[in-house]
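One structure is given here, and the rest of the page talks about it.
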């Protein structure tokens, strides 16, 4: 179970000129893995506005996941990845790579998506393309990893480095962080 | 149809000590997808010089695509990706990933290519390796996406987010960019 | 033949609360491709400390390869990729991509690894996950490319751009770096 915000970036959508099927699909897919959609908003492709919303949802609202749809291309009004990059602490490049790799199975044009994934504090921020088809194909590629990432972001104490076997002792001696050999 | 500049980065080539087969192959492949080669130059591996040329071709010359060959490795004189990163507005990581993925099918050494793809204004900048074989294998992996990317960069008004169906209305209500809930 | 430093990042390991099987596996795998382990240290997940060690091993100690294990996730104490990014001159994204791609064959969670690969001067720095299994699966994916990358970093004079054939002369005339057409 995790909380989520859905943010649709679309000039037309924000003027009420288009139904936001992508945002709806995004919300449904997140719900399917235990996401509770706390808030949903449609914004124009305005970088400053997007940055402000991402910061607000992460810092004030404190949702576990912010998922965006739209504005991931290379057009003059596509600024979602740039806004995302500006507000994240850490990039998680493998999640974006996995989405592009999945997209590439469907269309050679998938490689121009600049969708970014990263975290701000304990909030995971995921960019998805603007079409419902793009949302579905891309999100499916990373869906299983989202709850896991959310847990890790929160500082899940599970020990990732649990040894496979303790039978073999290491022969190399650790210096325990001693800085003697350093300047 | 798009305009292109070919930029070969090679200390030896710039001194006339080597024929530039890579630049020639690059020009031929771009022509095969509708590229009109406006200019072609061989430069030494000098980062400042490369940055100046990229800026000139993008801002003054205004070509749609600048394709470079050479200087993408990890050697001391390999500076093309660094010069490219310094002048682009937006990185397009998926195009570089697709090239490395294609290269990896051929040789485990492909993964040390630092080739970068991005755009400066409306100009797409693509780095390719220095060998004719590398140019061919890498460029083939992204060739179909280039004209598409060029159109999008120019602000192609085609609606990427055209809904697959309008039959299902979204149940979530958009707030149309209203900032009431924000600070 | 190349020289290497192994750096294990683990709060528990640095307090002697866990045997460092990952560092041992890393050392063994590097030895298998000609690496001579010059030094080995276990440090807590402290970003400043990690940066200092990386700089020391690269600049003062001058090893060819620094391989780290641990701290590559998205948890609050996972700072190895951030420390690495802060000290490298050049990122080598394809090596990290190849590792994540290999990891993805095993588990959907591999995509949240933020492991980074890059170089500082002539030293190759490689981040690996914290578990022995993660080290093995990830390092195997790039193992063959490591000695090659080390040679290139040192400025290996081998000509990467050796033409496949010299039979075809280029028809495009190079301007040899002449700046006449530039501002």
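Each chain gets a letter, A, B and C, in the order it is written, and its residues are counted from 1.
The working rule: a contact is a pair of C-beta atoms (placed from the backbone, for glycine too) under 8 Å apart; a residue touches a chain by one contact, two chains touch by 3 or more.
Treat the numbers as computed from the prediction; the structure is a model and nothing was measured.
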Just send me the rotation angle from a CA overlay of chain B on chain C, rounded to the nearest 5 degrees. 120
Fraction-based call for chain B against chain A, same above half, different below: different
Between chain A and chain B, what distance separates the C-alpha centroids? Give it in angstrom. 25
For chain B, jot down the residues that touch at least 2 other chains. 93, 97, 101
Chain C residues touching chain A in their complex are 6, 8, 10, 12-16, 18-24, 27, 37, 39-44, 49, 52-53, 56, 60, 70, 73-77, 81-82, 93, 96-97, 100-101, 104, 108-114, 129-133
Contacts from chain A onto chain C in the complex sit at residues 90-95, 97-98, 101, 119, 122, 124, 142, 144-145, 148-149, 152-153, 155-156, 159-166, 168-179, 181-183
